[in-house]
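We just call them A, B, C and D in the order they show up, numbering each chain from 1.
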Amino acid sequence: MPRIDLNADLGEGFGRWRLPHDQELLELVTSASIACGFHAGDPQVMLETATAAARRRVTVGAHPSYPDLLGFGRRELDASPEEVRAYVIYQVGALAACCVAAGIRIRYVKPHGALYNRAARHAATADAIADAVHSVDPALVLLGLAGSELLAAGRRAGLLVAAEAFVDRNYEPDGTLTPRSRSDAVLTDPSACAERAVRMVLDHVVIARDGTRLDVSPASLCVHGDGPAALALLQAVRGRLGDAGVDLAPFAA
Amino acid sequence: MPRIDLNADLGEGFGRWRLPHDQELLELVTSASIACGFHAGDPQVMLETATAAARRRVTVGAHPSYPDLLGFGRRELDASPEEVRAYVIYQVGALAACCVAAGIRIRYVKPHGALYNRAARHAATADAIADAVHSVDPALVLLGLAGSELLAAGRRAGLLVAAEAFVDRNYEPDGTLTPRSRSDAVLTDPSACAERAVRMVLDHVVIARDGTRLDVSPASLCVHGDGPAALALLQAVRGRLGDAGVDLAPFAA
Amino acid sequence: MPRIDLNADLGEGFGRWRLPHDQELLELVTSASIACGFHAGDPQVMLETATAAARRRVTVGAHPSYPDLLGFGRRELDASPEEVRAYVIYQVGALAACCVAAGIRIRYVKPHGALYNRAARHAATADAIADAVHSVDPALVLLGLAGSELLAAGRRAGLLVAAEAFVDRNYEPDGTLTPRSRSDAVLTDPSACAERAVRMVLDHVVIARDGTRLDVSPASLCVHGDGPAALALLQAVRGRLGDAGVDLAPFAA
Amino acid sequence: MPRIDLNADLGEGFGRWRLPHDQELLELVTSASIACGFHAGDPQVMLETATAAARRRVTVGAHPSYPDLLGFGRRELDASPEEVRAYVIYQVGALAACCVAAGIRIRYVKPHGALYNRAARHAATADAIADAVHSVDPALVLLGLAGSELLAAGRRAGLLVAAEAFVDRNYEPDGTLTPRSRSDAVLTDPSACAERAVRMVLDHVVIARDGTRLDVSPASLCVHGDGPAALALLQAVRGRLGDAGVDLAPFAA
């Protein structure tokens, strides 16, 4: 029976502010990538999110970012590999402690936003991240874009890696994500996204923005937790995957 | 043969800024309390300091603070016990990962500045800190002011605790530190501080600001790393302790 | 004809996060106290809010805070008067420039959260704020709690001052606000708040938590913009004031 | 008699940390570009620096940056023109208020670090800065690299502009600064820098890294205030300019 993981970014509030639906999203995913304080997520939000994930038996990963609360980690920052390495070690450690305090352990690391995008194509940044993760805990899995430099770097570092595909983001013909600066970067139709998810899992295919047929073989499907329609979209994806006989289970456990 | 630990706060730079003598201080102490990013200490500074401590076989502890870079963690902040608990978990985890990446482990936790002072007299804050430390790693030792609520809270939580005395700070007759708002809060004469250190270790006594004789039985002596004369003072203390036949060794190892 | 000002705290988003109803609230108030970046409000949010206020001819004031994004400025911080003075100058200047760029001028200053509360009872902090405001622009009005140290300090500094009363906060018998730590600190029934507003304006009276009758003579009524029911509450207040023949107009213009 | 301005970046401390020589540098320059809190410079440091500049009759400009305390504003950040515009308005306003409180007015704006470099070659960023400055106060002068997009944008916006040359930075053959990533980016020999300064002012020439002769006609010479040898270098420059009969005077007053 085919299986797939569903992951979303969670715990992306800060202080007085929350993004909607964190709690409901936790009911719908099998893995939660939790913000670590650099783009979102303060220590209390992290503890609460880890505790809620533990209660629902959702697998937890760290979601480290460039230090950019103001830009939500979505802006490229020209940080050196040494800086990136230190940022990842710090954030993974901080979330790891929150998880231990919540009675669980983190299982994977997935970079956030602009750092994710840079690590997909820039080998030195990807190596810095992989090395950071390995130096904290070599049992952690590195989750990244299928075909990315990040996954290659993870393999070089001796880590287990897992590829993810995005059900609600458009793809360029080269397999990278359509940049958010384009109006068609984000997909919002629940039904189309659900159909896309089924084809990714069963047919190992996704259709790029220009019609190019891309091969994918994801261990996890990502749905963005911070969009307004995240809940409806995720429910549609879960429903359609279930109808197609796909089992949902964490990729790392 | 009598033994004592010497600890100093280290790694208290941030970004472009450093406090002087970090490297030299590491040659003179047996334990280093490393800032964790909330009052000082960015991820790179933390990694560098942990790495330097590892090289010199100095024992490392986490030095968590209120979130107050602008005030260097020295201003009382009315944070709730739940907030304090989360802050300590986060910071201890972040430094723990930096230490693991540097090939060592943290051995103790000592709160910084205004958090240290509040935890010395406020039981709920002290319990929050002790609970945080225990929930991350029950093998960590809690280092705090002799006779403080913090040490009592640590014992309640089932932690090993260690008392420290300050060779370069004046004491009030009740055993608390003279507040920094007073001009005589900080002692700067190396020779007087060294003499004070010897009496603390051999006679278990320190003389308060008003002449009161206070009993102390410290596991560690603290010298502040950020003062202008820290180096000279620490050299004098080491020299005099050696002359008096006191052995220097980490309190936690 | 009796007149009163309605003020709310606005622009209290940051980066990716917004509090609901900023735009709608602007339709309902005559004065907007805009966050200046220390507890909320980044430069873009400030510019957008100033621009929206200009379009609706709402009078704008600066809403400076302790530097505490994580605690939304609601936690007492033991900052010195010199620090407070500098923080207020900085924030007032930053918002003043945003207003000039939006084609308007700020007219008043009202401290936020814990700084507001401290300035209500602590003369040195109040003097620091009043002096800061006067040193930037002596034509600015200082808005604060009726009977507070802040208004006394404003008068000492030679500023125009204006007293406000809170339609959605409970009062202690001594005229201070019931602390948010108490469950009955915030009032949420629109009808009761509206009735309260009318009595404040026409009868110059508010009933404290324990039934004490307090004299008030506010130049402005404050409704909190960040609560979930702010809109309904403000609409009820406006409606009832209109029915009672009270004219709404800015206190500073 | 030939005249030139000497400018340095000042007030680049933060909280507990200071860079050395701020006070001494103020004795040696005719213009001070004061950090505004985004890469360095907290409100108290800004007030102190403005006050010290006022006492010494040094002309003051704002030195706005990307929001990057951790990277001292030296890392390129992919901020949009709208973001940059808001950041500059905010920072200029904050420093303007500090100056008013110190009894003076800011006279010019010079972007810092990575923002300066980007504005030198990227027209949309340059326009955002020029528009921000003009919208706050059209009498402010925009100070930037000779031949840069920033100066062109300033002229388009209707601002007075002034070109600066760097006595302690190497130049590329195209007139841009040698990037700090190269080991020969910064010049440290006081005598060579002083000679360079004289040739810039009297001969309107500077020799690029590869020997190319570049035409310059600076209104101001910049010496970096944060390098270890800033004082000696600035003294040498002042001495040699004086010997060559060059008068020192602010470019904006």
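Everything that follows uses one rule, which is that a contact is a pair of C-beta atoms (placed from the backbone, for glycine too) under 8 Å apart; a residue touches a chain by one contact, two chains touch by 3 or more.
Note that this is a predicted model, so its numbers are computed, not measured.
Chemist: Counting C-beta pairs in contact, does A-C beat B-C or the other way around?
Modeler: By the number of C-beta pairs in contact, the winner is A-C.
Chemist: Indicate whether more than half of the residue numbers at the chain A-chain D interface occur in both copies; give same if so and different if not.
Modeler: Comparing the two copies, chain A and chain D contact each other through largely the same residue numbers, since over half are shared.
Chemist: Need the CA-centroid distance for the pair chain B / chain C, whole Å please.
Modeler: Roughly 42 Å separates the two chain centres.
Chemist: Identify all positions of chain D at which a residue touches two or more other chains, and write them in rising order.
Modeler: 42, 70-71, 83
Chemist: Where on chain A does chain B make contact in their complex?
Modeler: My answer: residues 37, 42-44, 46-47, 82-83, 85-87, 89-98, 100-101, 132, 135-137.
Chemist: Going by the contact rule set out above, which residues of chain A touch chain C in the complex?
Modeler: Per the touch definition, chain A meets chain C at residues 12-19, 40, 42, 69-72, 226.
Chemist: Can you check the complex and tell me which residues of chain A touch chain D?
Modeler: Against chain D, the touching part of chain A is residues 67-68, 70-71, 75-79, 83, 114.
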